[in-house]
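All chains are identified by letter, namely A, B, C and D, in their written order; residue positions are counted from 1 within each chain.
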Amino acid sequence: MLELIFTALLVASFVTLFVKNGRVAAVISLIASLLPVAAIIDWGNEFGLKIFSFGLEKSMDFSIAGITMHFSVTALAWFFGVMIFFLIPPIMLFSYSFFEKNRGFFPFMLFLITAVFGILLASDFLTLFFFWELMAASSFILVYMGRDRKAIISYLSFSVLSAVLILTGIALIYSQNGTLLFSNVAFSADEVTVSAIILMIAGFAVKSALMPLHAWAPFVYSKADEPFVAFLSGGLSKMGYYGMFLMLFALPGAKILQQYFDSTVATYILALIGAISAFIGTLLAFMEDDLRKLLAYSSIAQLGYIAVGFGIGSSLAITGALFQAFNHAFFKSVLFLAAGAVAYRTGKWKISELGGVAYKMPFTFMAALFSIFALAAIPITSGFAAKWLLYEAAVSNKYIFITPIMLIASVGAFLYSFRILYGVFLGENRHDDIKEAPLPMVAGMFLLVMPLIIFLIFPGYMLDMMHSALVNAGIGTVSHTNYVISTGMASYNTIAVVVGMMIAMIPAFLIYVLRKHRNIDFKDNFLAGEPYEIYGHISMHAANNFYKPIEDVLMPYLRKGATSFYMALYNAMGRVSKTVRRIYTGLSQDYAIYVAVFLLIIMGWLIW
Amino acid sequence: MVDFLIKIAVIALYTTIAMLVGILFMGIGRKIVARVHNRVGPPVYQGFIDIAKLLTKKTNISHGWIYDLALLFSLTGIILTILFLPIGGVKLLGTEGDAFLVLYLLAIPALGFALGAGASGNPNAAIGVMRALVMMLSYELPFVITMIALMIYYDTSSIAQIVELQRARWAIMIPPFMLAAAVADMALQGMLMEAPFDIPTAPHEIASGPMAEFGGKHLGSLMLYKAGTIVAYTTLFVDLFLGGGVVMHDGSILSYIVNFAVWFLLILLIFTLSLLINASFPRFRIEQAFKFYWKYEALLAFISLIWVYLMVIS
Amino acid sequence: MRYEEWNKISRIASRKSLWMLHFCTGCGAVELPPVMTSRYDMERFGMGPMATPRQADVLLITGYLTVKTLKRVVNVYEQMQSPKYVISFGSCPINGGMYWDSYNTVKRLDRYLPVDVYVGGCMPRPEGVMNAFLELMKLIDEGKARGWEKYQKYYEQYKRNQKMAFGFERGKNEGD
Amino acid sequence: MVMHPVLMIAIPLLSAFIMPLIKKAHRYFAFSILLLNTALSILLFAKVYNEGALYETIAGFSPPVGIYLAVDNLSALLAFLINIFATINFLTSRQDFRFSMLYLLGVAGATGIVLTGDIFNMFVFFEITAVASYALVASKKDRKATEGAIKYMILGSVGSVFMLVGIAIIYSQLKSLNLYDIAARISSMDPKMMWLSFSFLLTGIGVEAELFPLNGWVPDAYEGAESNISSFLSFGPSKASIYAIARLLIIFSMSRTYELALYLGIVTLLVGELAAFTQKNTKRMLAYSSIGQMGLILIAFSLMDKTSYAIPAAFFIIVSHASAKSALFLLSDKDGFGDMSSKYAGLAGVLSLIGMPPLAGFWGKWYLLMGVADEKIWAVAAIIIFSAVIEAIYFARYLYKNMEGKESSRNSIPAAVMVSISIVMGILPILYNMAGGVLNA
């Protein structure tokens, strides 16, 4: 049965490889991408989402001669599966109108899905790594289609770095335990295991764009195809955190680290890194003018919170982290898709060149607005509950450095949220000739917005979904009903918020209804008495260098970033390589001398 | 059922009173500033008159549905915030949420306001919103640090709880929180957009910034929102540092009245303080304000936080 | 809805909080600071300067208008939200004043905008300005300040006059 | 079954000399010969796999006198690889009958090196391939090619002289040329002499195997030659000689030799990758990168005595390098992946070289790091990580450069077929078990 899903996905990817028409390919891959969803729904009966069951088995051993791959679905994998595979059909729906021609997006996307499915089902390290590399390879090919030098180089080099780090970690673990099965691996607090855990977490952190290893993200996110980037930021970045969760809690790496350093310093450093990447990512985000780069930095920031949760490690924190991961998967995909829809109509990426799109594309704007509420953790969507849990956890553990950084980072989120809203959607109406995005795009975006609303009102369902994963990992769960989460420090009642909001809306609504108003064109503006037409040739759109004042203050501190560090490293390597190439003088007599010298040296080394 | 209805009635009553108090404070504020300027100033009920005039304007113009969101969001958000703040010891919905929730609820009206300003398509409005948001980023840092200090000290994040725990001794009596309160008061100055931090709505530079295009009912609702913010922020401060103005703890009717009166006096005190600063200071440029908050204020706040931390762990 | 049928509240309200937009092209601007500041303190009557026409109720034309500035004034006036009032300030908007024979100064403002209250003098003293505002309040209270209605009623005529002044339309323009 | 390994050497060797007689149909004839050879190698492999290692003597003389062939799993596999790649590569040849002749000679020599069990025959086969390769490189008549060929020839002849000296020392000591004899009786040898001979042999073979200080000819020869000839160089002589070095290591199986090989491998790896890092010229870049890969293979072989992962690691790296790098060399006559097959070949080749599944390189990386971790030599692990990242960077640059170019190579189809072999080997790790049978010495 599982083999069937794998083979179906692979077959679909091979079929779409030869379908030139994008629509057909989209339909095929949409159907194919529903298979994992069906599997997830089916497994849900065990893990907390009871809809229906057709009895899909939960584990399989696939033995391809000489090497056995063990697959089995755990509660954790199921939760991440819910997070990731429910993203894909809407994205495919979006791509239906995004790609007229099949330029190779669909086959490799399906290949990617297969790889992700494999990673989630893997129950030994070989399988995990094999599918991890498949994921890296196929996503690299998708990046490669973006045709951007920096993106290609940075993505490939960082993927290889992460792969080799993970592989070394696996090898160390294997040399310690002599087994690759998760179930048989038993960690002990020795330096080999600890270094293995740290290496693997570093490797996974690359994929989830954690701060020192994030340098690839802005280039890749800003150049690849939108639907893929939506999945890259929404889905693939979570795979890194899946791996981290696996290392830290499922195979209890956190405990090992704690024993080894006999303090929580290691996990505290992880949390601190997460908080710092949330902070710096936010600062970089609202100074960015390229919409996709802005969203890339915002992804770095939002993903940082998850690392904070894992670093803190209490049940509250991990619940919050998983919740945040779920939210981020959805709202960030919507934002990237909305950016794609806007570009699909206007063909522009620079925020300072866009403007007034909302009047022509109201539904795209609505979707983007809701996901921005979720991004800024405003309690109109489920975005708030996650961050709230994280703050509660941080405060209750008395983390006096991390909590303010997290809070101020999320305040900074308002800044770039407004920059997106104003610069792209509001302000001067510059695009009179465009119309609303095609129906499939809008439908895809709204499908992705749905969960944000549902889990606003019933965060309890989310906590139920992650319950068994947390219990299996030996982490307690947060006490909650369907709509009240209560921690040691306070409780958060979503119904109170929603109902209170409805009640509080009454006066505003009365004012709005009772006093009639007349709609006028935005051109009828206060421009110190000047009519708009006089300014017709000047931009009335104040989106250029939007945050200049604060940029002037902050830039001196932010200029020496990680990216510049990597560039410096790259240039240094270049210099080294030039010196090394001096060895090859091109003169055969030199080479002959090399041979003689070599002979003498090894002779001497061997004999004496 | 009955007590549920009573609770609803109490909530509605308190919220209405809070909004009225806010509108009254606008008049009082103008009066105070006028007295500082050695003027007579408007009558204290001027706020009511202004809002009445704006709401009864004959023509109201709108720039489209996103522009109307400003009206809806701002008023809704501020009332919702007041619902979650204990007023005079009466925790309306205070037990259903906590300080973080209040912080983020306060962002709803701000964002709605910003949406409307952006939708008005006036460049001045955009610049004003930019300044307001940067100001927000600036003052939030010291303010959240002081708030975290309180949470760590009282080991709860619920404002109602914090108010309860200050029965014996108001937070401001405790040495580190004197420092924290001073910091938070300067943050309050920024929250209320009073000088020296009133650059976001500087009338003569950017034509009163975000509300440059607002008039009629929209401006009226924004003035209601302003009134609400005055009450909300001052109440937040009073709840956090001055025990919510609770002096009598027996559940008698008298205690409610007294507590309410004390609460009123305290927020009036805080508001007057900020107005006096407002009336006697020039304006910071936006980056100066940012530096002020992130260098000195944040440093002081952090000192108090560490102080509290040491007190707690020892 | 006729103006007489407005309820008392709205009249009181709009009377007691007049927000003015002072269009300071001429020399009259120097008379406003004393009006606003502690000597005369217009704020006691709930009046105050406002930044944009959307927020303002009263348009204060301080001093002469050239044809060029008239365009701006008309634009601003039409952006204001009714009920809205115009106070012309100084003798130039009444009859040209010392620019009576200038080729590019607008002589009679009320040909282009409905003026509710005139303040004579060159320059009028702050007492005069205060007096004008009190007059305007009285008129509002009695429901006589109906300039904005007049503007709506005779809109075409006002437009024609304005166009003539701007030179968009040819025709004899009495008084100029 | 009359299958006799010597046929695989004899048939191409003899048919090479028939070439001048049949000018017309030389290409079809040579191609059929190569096909036949491939078929034979498959049969041989099947035989060896079923019946275990195979020792054949020629002309009835018994060792140590007669020509002696020793075939085990790995050598049979390598013979198969060399032949099949030779067959595919030959499709792209557009030269005249001399080319076919030299090509067959080269293939025969390379196959011989892999199959022989006699050190002097090994020397002879080395000479055959070397001479053929010099001529092949020079066959493109321009300055660069001639220059490369001359450098190759000078160094190669120096190397073969050293090799001969080494063999002479051994023969003078042990009066035997049979590898197994030598391996058995090596301990009875005077250690000074032994080390002397070892170092001479290593130097001699090292020239062909592109080890670090001895590989001065590599960039120039690879750059100068026709693209299909540089491809032949990268799967033929170099792979055969690295295998020869492996056998050498087994014969002189002392911890110091393995240690030396390890250091040599590391240096070669680092120098190759670093030199390739900023190389703009595609063919030179690929040449430096093959130097690095050779170092990687040598590292793998040098762990042979310690961990059982070494040989599969080396084998899979050889497979991935032989297929992918040869394919990339085939593509390198033009800058650009114009058509589908060259895009596929380029991408898959690069992915295989940097070790991504489902390609052979993945298993190479996997087993190599497993072995390193078994031995807990962290320095080596760190160096491998470093070089992998460097490699990724310059291959990414290579891909980008070729994506920009519009026109595509004429050899794209054969290149694609070559890469497919790497994929096949990658998704059938069964070959791990086959190669797993250790070199029996």
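One rule holds in what follows: a contact is a pair of C-beta atoms (placed from the backbone, for glycine too) under 8 Å apart; a residue touches a chain by one contact, two chains touch by 3 or more.
Everything numeric in this text was worked out from a predicted model, so none of it was measured.
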| item | value |
| --- | --- |
| Contact-richer chain pair [A-B vs A-D] | A-B |
| Furthest chain, CA centroid comparison against subunit D | C |
| Centre-most chain [mean C-alpha coordinates] | A |
| Distance from the mean Cα position of subunit D to that of subunit C, given in whole angstrom | 96 |
| Centre distance in Å when subunit B and subunit D are each reduced to the mean of their C-alpha atoms | 77 |
| Chain centre separation in whole Å, for subunit B relative to subunit A (CA means) | 36 |
| Averaged-CA centre spacing for the pair subunit D and subunit A, given as whole angstrom | 43 |
| Per-residue overlap in subunit D, given as positions that touch at least 2 other chains | none |
| Per-residue multi-chain contacts in subunit C, two or more chains | 52, 54 |
| Junction residues of subunit A - those touching two or more other chains | 524, 526, 528 |
| In contact (per the touch rule at the top): chain pairs | A-B, A-C, A-D, B-C |
| Subunit A partner contacts - residues on subunit B that touch it in the complex | 15, 55, 57, 59-64, 66, 68, 71-77, 79-80, 83-84, 93, 95-101, 103-105, 107-108, 110-111, 114-115, 118-124, 126-127, 129-131, 133-134, 136-137, 140-141, 144-145, 148, 151-152, 155-158, 161, 207, 212-213, 216-217, 220-221, 224, 285-287, 290-291, 305-306, 309, 312-313 |
| Residues on subunit C engaged by subunit B in the complex (per definition of touch) | 1, 6, 9-10, 12-14, 16-17, 37-38, 41, 43-46, 49-52, 54-55, 57, 81-83 |
| Residues of subunit A defined as touching subunit D within the complex | 64-67, 126, 129-130, 133-134, 136-137, 140-141, 144, 147, 149, 152-153, 155-157, 159-161, 163-165, 167-168, 171-172, 174-175, 192, 570, 573-574, 576-578, 580-581, 583-586, 588, 590-592, 594-595, 597-599, 602-603, 605-607 |
| Subunit A - residues contacting subunit B, complex | 356, 358-359, 365, 373, 376-380, 384, 387-388, 391-392, 395-396, 398, 400, 403-404, 407-408, 411-412, 414-415, 417-418, 421-422, 426-429, 489-493, 496-497, 500-501, 503-505, 507-509, 511-512, 515-520, 522, 524-528, 540-543, 546-547, 549-550, 552-553 |
| Complex contacts: residues of subunit D adjacent to subunit A | 150-151, 154-155, 158-159, 162, 191-192, 195-196, 198-200, 202-203, 206-207, 213-214, 216-217, 219-220, 256-257, 260, 271, 274-279, 347, 351, 354-358, 362, 365-366, 369-370, 372-374, 376, 381, 384-385, 388-393, 395-397, 399-400, 403, 427-430, 432-433 |
